[in-house]
Amino acid sequence: MSSLDRVKEIAEKIKSMEIRGAANIGRAAARALMYYAEDFDGNFVEEFMDGVTEARKILESTRPSAVTLFNAIRYVFKRMEGRDVNSLRDSVIKAAKQFIENSEKAIERIGRFGAERIPPNSTVMTHCNSSAALGAIITAHLQGKDIEVIATETRPWYQGHITVKRLAEEGIPVTLIVDSAMRYFMKDVDIVMVGADTVASNGAVINKIGTSLMALCAHEARVPFIVCAETYKFSPETVIGKLVKIEERDVREVADPKEFSGVKIRNPVFDATPPEYIDAIITEKGVISPYLAYEIIKEEFGVSL
Amino acid sequence: MSSLDRVKEIAEKIKSMEIRGAANIGRAAARALMYYAEDFDGNFVEEFMDGVTEARKILESTRPSAVTLFNAIRYVFKRMEGRDVNSLRDSVIKAAKQFIENSEKAIERIGRFGAERIPPNSTVMTHCNSSAALGAIITAHLQGKDIEVIATETRPWYQGHITVKRLAEEGIPVTLIVDSAMRYFMKDVDIVMVGADTVASNGAVINKIGTSLMALCAHEARVPFIVCAETYKFSPETVIGKLVKIEERDVREVADPKEFSGVKIRNPVFDATPPEYIDAIITEKGVISPYLAYEIIKEEFGVSL
Amino acid sequence: MSSLDRVKEIAEKIKSMEIRGAANIGRAAARALMYYAEDFDGNFVEEFMDGVTEARKILESTRPSAVTLFNAIRYVFKRMEGRDVNSLRDSVIKAAKQFIENSEKAIERIGRFGAERIPPNSTVMTHCNSSAALGAIITAHLQGKDIEVIATETRPWYQGHITVKRLAEEGIPVTLIVDSAMRYFMKDVDIVMVGADTVASNGAVINKIGTSLMALCAHEARVPFIVCAETYKFSPETVIGKLVKIEERDVREVADPKEFSGVKIRNPVFDATPPEYIDAIITEKGVISPYLAYEIIKEEFGVSL
Amino acid sequence: MSSLDRVKEIAEKIKSMEIRGAANIGRAAARALMYYAEDFDGNFVEEFMDGVTEARKILESTRPSAVTLFNAIRYVFKRMEGRDVNSLRDSVIKAAKQFIENSEKAIERIGRFGAERIPPNSTVMTHCNSSAALGAIITAHLQGKDIEVIATETRPWYQGHITVKRLAEEGIPVTLIVDSAMRYFMKDVDIVMVGADTVASNGAVINKIGTSLMALCAHEARVPFIVCAETYKFSPETVIGKLVKIEERDVREVADPKEFSGVKIRNPVFDATPPEYIDAIITEKGVISPYLAYEIIKEEFGVSL
Amino acid sequence: MSSLDRVKEIAEKIKSMEIRGAANIGRAAARALMYYAEDFDGNFVEEFMDGVTEARKILESTRPSAVTLFNAIRYVFKRMEGRDVNSLRDSVIKAAKQFIENSEKAIERIGRFGAERIPPNSTVMTHCNSSAALGAIITAHLQGKDIEVIATETRPWYQGHITVKRLAEEGIPVTLIVDSAMRYFMKDVDIVMVGADTVASNGAVINKIGTSLMALCAHEARVPFIVCAETYKFSPETVIGKLVKIEERDVREVADPKEFSGVKIRNPVFDATPPEYIDAIITEKGVISPYLAYEIIKEEFGVSL
Amino acid sequence: MSSLDRVKEIAEKIKSMEIRGAANIGRAAARALMYYAEDFDGNFVEEFMDGVTEARKILESTRPSAVTLFNAIRYVFKRMEGRDVNSLRDSVIKAAKQFIENSEKAIERIGRFGAERIPPNSTVMTHCNSSAALGAIITAHLQGKDIEVIATETRPWYQGHITVKRLAEEGIPVTLIVDSAMRYFMKDVDIVMVGADTVASNGAVINKIGTSLMALCAHEARVPFIVCAETYKFSPETVIGKLVKIEERDVREVADPKEFSGVKIRNPVFDATPPEYIDAIITEKGVISPYLAYEIIKEEFGVSL
């Protein structure tokens, strides 16, 4: 069996969407590199390096805009070291396992750390549908803290509907509102908790459209605004100045263009929340200031300039 | 014919919604008082006063929360004066005609004044569907200024859909966005123009839910935030401390409660924008600071403490 | 009896502190001018004018820094008019009675208007001991609104002790805190209500030391900051640029200088809250923006430049 | 002699710049209307009205962008009243004299009121060369207050040079700095005092380029920012929405375009300071909040919509 | 002698308050671990590890809420390493000595670094009684800089009294004020310097009640707000989301509850200053931004998630 | 040849200004240490250390206030290590080469990273004449992005003239304005990019007078404010509390004192921009938050307390 066989198999599954979800994709990529190392049976360092570089290319080409995919690979490469094949192999396997384990523990840890920040008898506001943020809220609820949640519907996809159903299932009192009512309700809120799509190297958080609006409102009312984000959401690309591209999706999610002749419709999916409106980012490595994003990136994935 | 016959007729039409829309209701109430004065055929001041007070009661009972209705009546009563029936009658007729005329001219004037504030080659953002604000935008367009508009859809009623269609009909380039994208697009906006439901005596503006959010965003980005409001939207009740009650409407406008068991849904219709986020209110009496609301109320409707 | 006898009598009582308290002093001065007009038995306008000017001087010399004293006199003089003694006399008596009546009603009205601003189930914070602010709180309580109060002790005089005792007597749940804890508790507060010593023509409010600190904290947390102030607290002197002098009192109120050799102690009694931190001033003439102070002064007391 | 002869004479002098300076032009226009009234020898109201309207046209055509010219004429017309020629004539003469007298006293009064606002032992910052602001500073100095001034050079015209020389002549310690050093020195400043070119109806102040920058810096450092402005600087045009046009002058004042091929040079003369950065406007009618601009305009010049 | 004898002895003294003060407790704990290592006479790694873990438990149980105690132990454990008893022993001894030495030098260093930040001829404001902040002030004074201090009395314990006496002894001009006068005097202040009880991982500083109020005032007036804090005040617990618990002490420190029947009294000892109001934290490792707190914790004490 | 000959030669050239410019001086100092190591022909570590210390002294005495000079030396010393002469020599040579190479690449990298941050079709504002900032702008232009630049003249030296000429040569549309017009034009700006003279350990940026003013304006208008700074501009001295001394230059650059008798002229060259107004610092090591300055200093140059 060639040492790239299992890599290609996984790459195929990522491409075909059999493997999907940010965390799953990241772990699959790490596993692929681990398989490569396990399956490698050559004797020469150069050969090993050529192969692993080839594996990287195969994997990166599957989903060129998935931050987690690239971060998983960067994580392993940063920790690959040794002067002989054995050391290299061991370091790759160890790093891949570490990435997978960290990733698996990340949501649980963020939930645990985040729950600590939610005071008893408090009202939490959230936007969209973040499993990290919901993890913190549900953990706090399970700890017996008496909490309520206010959740926005999150146009145009109404992910807020998923959020409120999930929380109601847990028995947490939850209120659904339209997005534009967030300032109206903010005065009754004790803490805001949201997720993140990407964290930039200067601490800005890219997340579902409307997140920066909620951060602004929270800041205006002295309400702590907390972002829950696994470290593999931190973007090494932004270190070298790349701006996170804000995707615009099908305008039919907003309104049917046929009914609106002469009208342009736009549907940006994310916006950027500046770090001065973020009181803390909760990662699986602990509660940090958003301004430390660069340090996290450097430590986890390395910075190649 | 009793002098109250025509008053009752109009009252009936207001009640039955045959007469509706803030401006129409106000003018109808003024007209009713004018009819009363015209039809009055007694000789005694006391008799006149009893009748006009009765007319007031009849009219006020039709729609107890319509600011314009009350303001029209206050406007006439404030100007009613004289020591004999003739003077009283004349003053009532004159004041009622004045109110009607002012009201008819108000939207046109606000459009004219507002258009002056829109710079050539600029992008205007608006929320909901305000005829006064649209008047200003369309007037500016007709003056040959090259302008674009960004309009929010305005959940839950999507009044933004009416706005964009109206503007497209006029040939004005217009973009429709979800409400939560307002901060994302604010950096490209030169001026925000919205309407008002009610203006409070300390200058706060009550308007469609989401308005205060847009004001906050505009303030953050140094974009002028302009409110278009006829003076009969200014609330004398707030002078004596009354808070404008924020109506909550049928939650089914937000989501079907049957699909969301265990979830509370809330649907407040308005929010309050503090005066520090409002650069000017354009009334038919000119461009003023919101902080002058009390003066406008005192002058137009009198203050009864 | 000379027409100045009763004026002198009252002046004596003001001087000797038999008559004291801002409102009492103002009413006494108005009453003195009324007595002068009643007792005047001359025939010539000039004579009347000389006398009333003399009365003014006598009264003003009793407490040269009492804003209310000067405002009561200004109020009457502004309304004194006529070409003969009878008209002058009548106008003085009428104006004096009006001032007295307004002043008597002011606290009651402010209480009524202010109570409207306090939402049900809310927490009010207050500083020092203002009868106007307490009036509003107690009125809201008597209306059956379920409210709580947080009051600062108000060093160095501990007037907060009087406040909490008064509120406890009314059966209102009240919490006493040290002054420096105001920011700590502000996040649980729905509205701040304080009194005023003096209101300046640009809208700044001079009140007990620490008031501006509380306004700053309220502003930071989007908590409405409301000042309760009778119109006779508005200072005509500030119209011509005079700065309200901040009195510094006996330093022994702060600490015993003998125990602190080498240490300077300072004890300013008031500070100035800028109008941008004040959401509304509640006067007996209604709820206004602080920025209208000049209009109030002009209307009530006239402006002599 | 025709009743328009002297009007035409004055108009000629305004046009030819023999009469210049905002205050002088205003007073000349008022005087021309006074002459018209004095010289009118007809008997019919209609005739008088035709003539005075003609006079207005003649005067207004001399300098179509001089705010003071228009305000002087508005001032007189607002006060013109009567049913016969004599009353009309008298009212015009009285109003014209009043305007002239007010205008003459305005600078002196503003100096007096402004001096009160300058604390002893303080540092004042100023920009450009405002006679009203300098009046206040010099008056404070003559009152024996120990003050220092920091003045910007005010590119591109260096009017700051005139300012520092004038203050040095008065024996006031004064420091000259480049414009961009204003934030560096702001931390040592106790109060900022500047003049105004025009005041808009919502309270914005149009003044020499850089004024809004100084206001922003003062606001950032909690330094009071005071504008000295005669009421005839308040613009009635802005009441109906007109934006004050910011003049751009000869770019050679900035740099020689011949030396900068391929470079565009721009030279706007004024900028607009928003009212939230202005603590007070000192007018000859007293110290007011900028937000009262509309009231001043209405009272002084009337509002024609 | 058992290797835990001296550990127990020290633990006893900490418990009995014979050893007290944050710095002393920390050093004692480090010393106890050093003694353990010195006294250990076993041969097996496991035995050593069991003993040192036991020592940790004994020490931690003495004062479960003392940040320094826990940090001293964490400091040593983080640096304990080796595969045999000798290496382990050496590393513990070395780390313990290092902690003790660092701690001893910390105050001196902070004083030295802090003094650099105090400009000549300046006024410093401080709150409560921080030896690190006083160190900086006194060092600046000894360097011949001409400085003044304004100190709050710091209710309810009046620690400000100790501060002013200490500064007066050094010959530094110092003014004592009530806490609520801090905003009144802030306009004359050049720099604020305070201590810290605990620093959280996102940069918030927990310190004496009123500190956050002073930070807010300083921020409003563009006055640098500097915190002096030894690194052993940085809390590893906050990394995993723990909120620093704000202790509430005996309410009799505020007022005698017997005299205030029906009144609740509350006495929180600390408040939290958000990092955006803190210009720098001066630690013995240098002047840092508060946002680097997590990095300091990670480096000094390690992060166990 | 003595191992210090070439060091002295270079020192001489630095002193005599033959070598000048921040980057050149830094590289020359690194090269001098490299020469020392190359030329060293002794056998003893102590001898090597004595010599290199002597070399340091010689170099540091040439320009005692040049940050880059000191940083180059610190950079090499931090990386000097080894127990024998060969290792020491090698480490010095390696570190010196690294510093030189990094420095040479820094401007190119910053240009590349910075260009990424400039959006297509945008307007960039800049101040003074920063080669790093211009590098980013020109790189963006060469990438085909359609950009415009607004540049201030930068009194008193008019370095803005150099900037606009340079940009015009590149064919970039550029507008020259006076410094005080920066707020007027800010509303049309998409991003601000400036250089830095020094970066302090808490993230404050010291740069040409007026930079902090531009940052304040950008912040007010939600315009990203980006600083381009090579890491050798970060000041280790500020870690131990040293304030960057703001140089004041010859006042004749501002105005001729002879023409201004009685007037003080001041000419500070730099001002300090607080980190809260800086969205990112672009260094050759990537895009970072200004708050990470301390980490950069520690990593690059070490911190000696």
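Every chain is named by a letter (A, B, C, D, E and F) in the order it is written, and numbering of its residues begins at 1.
The definition used in the following text is that a residue touches a chain if its C-beta (ideal position, glycine included) is under 8 Å from a C-beta of that chain, and two chains touch if they have at least 3 such contacts.
Everything quoted here is computed from the prediction, not taken from an experiment.
Counting only chains that touch, the fewest steps needed to get from chain E to chain F is 1. At the interface between chain C and chain D, two copies of one sequence, fewer than half of the residue numbers in use are shared by both copies. Listed candidates were D-F, E-F or D-E; the one reproducing the A-E interface, defined as more than half of contact pairs identical by residue number, is E-F. Once the centre of each chain is set as its mean CA position, chain B and chain D turn out to be 36 Å apart. Averaged Cα coordinates give chain A a centre that lies 45 Å from the centre of chain B.
Taking each chain's centre as the mean of its C-alpha atoms, chain A lies 58 Å from chain D. Multi-chain contact residues of chain C (touching two or more other chains): 220, 276, 289, 291-292, 295. Chain contacts in this assembly follow no simple pattern; the graph is neither a line, a ring, a star nor complete. Shown are all chain pairs that touch, namely A-B, A-C, A-E, A-F, B-C, B-D, B-F, C-D, C-E, D-E, D-F, E-F.
Here chain C touches chain B in the complex through residues 109, 112-117, 119, 276, 279-280, 282, 284-289, 291-292, 295, going by the rule given at the top. Here chain E touches chain C in the complex through residues 152-156, 161, 164-165, 168-169, 171, 173-185, 209-210, 212-213, 216-217, 220, 246, 254-255, 260-268, 271, going by the rule given at the top.
Residues 201-203, 238-243, 274-276, 289, 291-295, 303, 305 of chain E are the ones touching chain A in the complex. Listing the residues of chain C that touch chain A in their complex gives 186-187, 190, 220-222.
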